[in-house]
Amino acid sequence: MEMRRILNSLNVIALNHVSKPAGDCMPDNVRVGFAKIGNIASAPLIEFLLDERADREDLEVRIISSGAKMSPEHAVEVASKLLELKPAFTVTTSPNASLPGPAKLRELIANGGVPLIVVSDAPTRKIVKDLEDAGFGYIIVLADSMLGARREFLDPVEMSLFNTDLIKVLAVTGVLNILQTELDKVIDSIKKGEKPVLPKIVVDKDVAVAAAGFENPYAKAKAIAAYEIARRVADLTTEGCFILKEWEKYTQVVAAAHEMMLTAAKLAEEAREMEKAGDTVFRSPHHRDGTTLKKHKLIEKPQRLI
Amino acid sequence: MEMRRILNSLNVIALNHVSKPAGDCMPDNVRVGFAKIGNIASAPLIEFLLDERADREDLEVRIISSGAKMSPEHAVEVASKLLELKPAFTVTTSPNASLPGPAKLRELIANGGVPLIVVSDAPTRKIVKDLEDAGFGYIIVLADSMLGARREFLDPVEMSLFNTDLIKVLAVTGVLNILQTELDKVIDSIKKGEKPVLPKIVVDKDVAVAAAGFENPYAKAKAIAAYEIARRVADLTTEGCFILKEWEKYTQVVAAAHEMMLTAAKLAEEAREMEKAGDTVFRSPHHRDGTTLKKHKLIEKPQRLI
Amino acid sequence: MEMRRILNSLNVIALNHVSKPAGDCMPDNVRVGFAKIGNIASAPLIEFLLDERADREDLEVRIISSGAKMSPEHAVEVASKLLELKPAFTVTTSPNASLPGPAKLRELIANGGVPLIVVSDAPTRKIVKDLEDAGFGYIIVLADSMLGARREFLDPVEMSLFNTDLIKVLAVTGVLNILQTELDKVIDSIKKGEKPVLPKIVVDKDVAVAAAGFENPYAKAKAIAAYEIARRVADLTTEGCFILKEWEKYTQVVAAAHEMMLTAAKLAEEAREMEKAGDTVFRSPHHRDGTTLKKHKLIEKPQRLI
Amino acid sequence: MEMRRILNSLNVIALNHVSKPAGDCMPDNVRVGFAKIGNIASAPLIEFLLDERADREDLEVRIISSGAKMSPEHAVEVASKLLELKPAFTVTTSPNASLPGPAKLRELIANGGVPLIVVSDAPTRKIVKDLEDAGFGYIIVLADSMLGARREFLDPVEMSLFNTDLIKVLAVTGVLNILQTELDKVIDSIKKGEKPVLPKIVVDKDVAVAAAGFENPYAKAKAIAAYEIARRVADLTTEGCFILKEWEKYTQVVAAAHEMMLTAAKLAEEAREMEKAGDTVFRSPHHRDGTTLKKHKLIEKPQRLI
Amino acid sequence: MEMRRILNSLNVIALNHVSKPAGDCMPDNVRVGFAKIGNIASAPLIEFLLDERADREDLEVRIISSGAKMSPEHAVEVASKLLELKPAFTVTTSPNASLPGPAKLRELIANGGVPLIVVSDAPTRKIVKDLEDAGFGYIIVLADSMLGARREFLDPVEMSLFNTDLIKVLAVTGVLNILQTELDKVIDSIKKGEKPVLPKIVVDKDVAVAAAGFENPYAKAKAIAAYEIARRVADLTTEGCFILKEWEKYTQVVAAAHEMMLTAAKLAEEAREMEKAGDTVFRSPHHRDGTTLKKHKLIEKPQRLI
Amino acid sequence: MEMRRILNSLNVIALNHVSKPAGDCMPDNVRVGFAKIGNIASAPLIEFLLDERADREDLEVRIISSGAKMSPEHAVEVASKLLELKPAFTVTTSPNASLPGPAKLRELIANGGVPLIVVSDAPTRKIVKDLEDAGFGYIIVLADSMLGARREFLDPVEMSLFNTDLIKVLAVTGVLNILQTELDKVIDSIKKGEKPVLPKIVVDKDVAVAAAGFENPYAKAKAIAAYEIARRVADLTTEGCFILKEWEKYTQVVAAAHEMMLTAAKLAEEAREMEKAGDTVFRSPHHRDGTTLKKHKLIEKPQRLI
């Protein structure tokens, strides 16, 4: 009881300490706008990747979302609200960014003169050239597979479990490191007053694990395997959601797809446990000033690279 | 290649099919506004719990968030934007809703005349009476423990892994079923033109598992155990974040806290696997019209209860 | 000691008991010839699938193999020896049956007037039409992926482990049931003096699990997932063996491929354990007279279907 | 599609490249003949242990087998065919080499003047002196236990699973290393024109793990344990197959025996995973010229010992 | 705090409630004396098997032990103290009851005129006839293997871990059920004023699992396998403790023995989890009056059999 | 057979060798008396922690116990018998040492003039000051949680399983190291003729793992987590045993408590396996002369510290 009271006051102080200068400094902060329409697993935690302990003093994020829906009408509302918040640059997240909703979203934000990075999944690969021609950045995560969206199978709990499994794969295999690093680069450019170079990355297994900082090559092998399994889940969910018509069949197939993802998550977990066994887990926490630190041993201080 | 092309067109059609009537019907839809400041594990997927397959025709959701930051200044901006979107009712998510930021958020939304439900974690329990007096609903999730927010330990990947493990616990143990059911009740009241009765629920282990629909009592026992372990993680993270001052000590303790959560997640997984072994997994998907269906065997059609 | 002596005499008696009538009846037996060049995981145990307890009285099998090598020269020697053994029909096993060695093997055996069934892996799919035109039967197992044949990675132990993992997948997911059933059908035709209809089957995930006799749909889902993962291993081994040139890269990729297969095997094992949990494991042992029996509960007698 | 085509041509080239000189050099190659009657787990992959990537230029193998049957009549046919293939030396594989079939097999091959190595299981230990007196080599694998050959339990799938589990044990615990090394020694002598000294080895737990190259002593301990468990499986299968008469009882006991083997395989897997965790997995791939290389770290080149 | 205080008073009341009548009734209670010299895994919890919730009103137990030491001198002191406590009958526990210490212990207690049951391990089997001739009862647990008592390996923690693993095997496989049932039978006879028939049981795998109440035959198979593995641990510990002389060798072998026991414990755990999956775990709690109840479903009341 | 005979004679010799000087030296030995009333998991193996291989020449232990019962009447009988055995000092073990039985036990032993150390569980913490004032030593193990003592759930097997799981947690997390070290210190003082300083220790997670000798910080984190989970089991068992009245509810809750303990045990096992993976398992065996040795690598000789 007593301890709790102390904690809570500490808590308030801590947060006030953050928010006071944050309030004063707001003009100096980089403000990142996230426009989320529909869901992919790269999206739900993306803004927290930039400020994982809520103590970063050089950054503000704002998120506007229309939830699971992603029609052009939804895009219009999301885009207009986001532009009102005057972000320095914008990140859009959606499945299949070639669909009309995401396209409309990009169009409106681009019209607002705000730099834009598309974070999306494998079907977006087919419009890479369009994105480049339009000057957009992109991070396309091939392992961010669609879930088994069939009523006989997918309820809110199953949907959540699929997302936790997939986010675990993205976390361990290096995808979240890429999102962190690439968005930080853009933020850094803006802080320096430079024109940011937007990322143009298709995240396949090789790109992913290169960012994950593995020291044990078998852990890395397991991570690559987890990535590939996660990526191939989409074959089954696509078949189950768009090809198969008999409900007994598609229910069986989308259930198999989720078993694949659960297995991929366990394999990712194995990879991380293997790094723990060697005390070599790579960590790259943010400093309060927004720079990225690095460490490998648990009981060691994170280091600035220079 | 060829198949992909067909799929994508199917995809567009499917989504247009959804979005067309959605556009037309917007006035009739219930619009739920989510204001998210700071993060708890109940929050990142909460809006998708209401429309897990993006096909619900009676619902619109809008989310405004300031990410990890949760000062009163952030609350002001989030609240004002959300009110502009004219939600029928609002759900706020934040850690420790007794802090100034969440309090300011509630104040502003209440001033806007919009019904409000607080979704938060254990420290919020101490203001339950205040919330009731002010007419707010609340769903307080005791297992939604704080993470180990220490720079020597917590980087974006570790933060994400903690969230996936905790969301898995919330999903399997029934917490997400409660969020789904309670928000659906409010939506349903509004659809019927009734004044909604807002939920006033402290989710402890018993409340949680009662909602999870277990048929195997050992699976239920594992779920209760997982819930309790997840709840107790906060003891270690509180100690590690607010009491211990030596970095070697707090790093060790917050690392232990995350091991507890990983273990809780595995135990939750065991519970679900046990239900799979009996083919008794409870599922409650939404119908397109917003009603909730139920089923227990994988290869069976979900049923309306009446 | 004493017991051992009794056992050994029993053993001799038992085997003599078998071999005596077997000797007498040899003219009446169906003699199946297996020609194996190169290795696939469907091959090493294939002849035992027909006579798993060495007590079948209607069957003789003979196997000729050139081991891992599969050039046309090897095919010539294998084919000529096999023809000398006068099989009633022949089964050839090899990877990629479109290569010159397997083609030569088929040509020679066909010239010998012996019906022939090709058992091979995914690359063989491209010559299905040729096989049909030539009157060959075929069973093409898509999950029978190539291993990671790089000297920096693959030694005899690693090769063997890959095979055990893959055979486990084939066993649990129904592939071996298909091999058993289809070869038995041909044997049965020959026993009846009918001209056999040779199988023409591409074994994909659906064909496989349909034959595996699962009763629990989650076990079936796990089996489908295991099959798909095993099938996709070939993507990585193909990349590692034929595309990548830098040894550090291909070693990492083929190691990842074997991790995928190990994971697929574990998932297959999970599927079988789930059936054990319900005491519903499907078993189809042969009767001594060559007919196939069936059962699902462990402590029950296998039944003739008619 | 395109890639596949390239791969296949590469494939053909690669194999032609191998087979061309192989054709030319055949006279210089050592030709090893394998005569397999009945099955033990040391047998199905034994020829591939000598040439795991099908690229060895100094070796030819030929295999003749009568499948699961092993009467003297079968031995006669197998031996005569094998002698026609003119092997430089012969390896016979069978269970219990003291039975009449294997004895006849040895007699005929010896009469053909070909050196012979017996690979067999524990019951063969009782004729070790006879084998030595007759000048035969032998490798007797004590862990190569008989399976649970009861119709109520053993179908083709269960037979295959037992073999995969047992081969996994043999692979991890060093048995396959011994087979590889000892047969290579004989090949090497023949290549040098020396009279080969045939191996005379009873492979118990100590002999096995000494060959497996473990660096972590706990991994080695797990391997020893796995070996012993595998070896003791024969106690239960012997009881279940030869002693017990009531079908409910022997079915239960042979099922227990296979659970023991599955457990031994998992323990072997644990041993290997532990070596992976230290990046110390021992590998001894063949060079194309037939010499054996060695390595312990995944990302390092295998080395010739001298 | 408050709750704790209430609990503690409840606790006191509860225990007083027990102890009061216990005090009054002591003359009517059956008093069982346990003499423990040296350790076997059947011993540390044996007295609690008779009164697992400390609420049994018909029973008193007293235990005298000399710890790990078991010389005749120790036996003398233990026996004399135990006889002073006037037990209605005695249970002795020790390894190898053929050694001088246990023999002396039996001699002295028999001289005291108290019925005696020997609980011991496999080496005791060789004096079964002597025990019968002397009128002693016995329960010889073949799986109660000796640990790896070598200083380079066995410290207090390792000793404890071995015991937990082995007790787990004994618990799941039915051994503890036998101890419970057989001692209860003797108690019951004494309560009825009958001369007790002492148990004469060698607990092998079949005797054990018959008592364990399994419903799933695969769980039973796993339990049999666990029992056999535990039993065979003694082969390695005997070799490691008495045969091998080089410390590197015996350390490795006794480490392997403990890995076998850990594996047996996990397999036992699997067996129990499988019964949980079917909600068929057998439980036989004591009633307060000393009778034994039975149940299989978790949420059902235990039943008296008649 | 033959070997067994040799072994047994060896065994006798070995033990005679021990017991002979032990007999002679008895006056010089330190005699530790253990009084056990009721059960906690720290108790069943406590005496063996001091002499894990039964070869210590400076120590005698005697144990008197009343089993599960712990009323003052039981205490009287246990104390009087123990005093007759003239221990140099005494260790009492019981749950909740504030209850009348344990209090009576202390009173009587203190009256006998024998130094006394209380080993007990968390509820004992409230009388720490009383214990200190009375000059008693104490080791209070917070993780030594009460089991789920409800007749619908707890039978002898379940009781034993809970104890094995909990002892495993105590063993791996360092609790048993503390018991060993602290009792050894007292023995050592007495051997030197000094007045012993009795331990006064509340074993929380930090105290425990500091004694466990972990080298891998993730293993240590897992151990801390296991300790905390084990400690929190008491919350559920207290609720299930003393608060809840409806049998369906308390059965469910105590079943959940045991699932927590099983999970804690598995996590402890993971911690130890992680140390095995690094070959860094800490071992502190006793020398025959009673000093403690230490080692970390499996294949190394234990060292005296000075």
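Note that the chains take the letters A, B, C, D, E and F in the order they are written out, and that residue 1 is the start of every chain.
Methods note: a residue touches a chain if its C-beta (ideal position, glycine included) is under 8 Å from a C-beta of that chain, and two chains touch if they have at least 3 such contacts.
Source: prediction; values computed, not measured.
Visitor: On the document's contact criterion, could you list the chains that touch chain C and likewise touch chain D?
Guide: Common contact partners of chain C and chain D, which must touch each of the two, are A, E.
Visitor: As a test of understanding: of all chains, whose mean C-alpha position lies farthest from that of chain B?
Guide: If we average the C-alpha coordinates per chain, D ends up farthest from chain B.
Visitor: When chain B touches chain C, do the two copies use mostly the same residue numbers, with over half shared, or different ones?
Guide: different
Visitor: Tell me which has more C-beta contacts between its two chains, A-C or E-F.
Guide: Here the pair linked by more C-beta pairs in contact is E-F.
Visitor: I'd like to verify one number: the distance from the centre of chain A to the centre of chain F, where each centre is the average of its C-alpha atoms, in whole angstrom.
Guide: 49
Visitor: Where the centres are mean C-alpha positions, what is the separation of chain B from chain F, in Å?
Guide: Taking the average C-alpha coordinate of chain B and of chain F, the gap between them is 44 Å.
Visitor: In angstrom, rounded to a whole number, how far apart do the mean CA points of chain A and chain B lie?
Guide: One centre to the other, that is 18 Å.
Visitor: Would you give the residues of chain D that are in contact with at least 2 other chains, written as numbers and ranges?
Guide: 217-218, 221, 252, 255, 277-278, 298-299
Visitor: Please give all chain pairs that are in touch with each other.
Guide: Every pair of chains in contact is listed here: A-B, A-C, A-D, A-F, B-C, B-E, B-F, C-D, C-E, D-E, D-F, E-F.
Visitor: Chain F touches which residues of chain E in the complex?
Guide: Per the touch definition, chain E meets chain F at residues 3-4, 6-8, 10-12, 15-16, 18-19, 22-23, 26, 36, 38-39, 44-45, 47-54, 60-74, 77, 81, 84-85, 96, 98-101, 123, 126, 149-161, 163-165, 167-168, 170-172, 176-177, 180, 238, 242-243, 247-248, 251-252, 255, 262, 265, 269, 272, 283-287, 293, 295, 298-302.
Visitor: Can you check the complex and tell me which residues of chain C touch chain E?
Guide: These residues of chain C touch chain E: 276-279, 281, 297-299.
Visitor: For a test of understanding, state which residues of chain D touch chain F in their complex under the given definition.
Guide: 216-218, 221, 274, 277-278
Visitor: Help me check something: in the complex, which residues belonging to chain D touch chain E?
Guide: 205, 217-218, 220-225, 228-229, 232, 235-236, 252-253, 255-260, 263, 266-267
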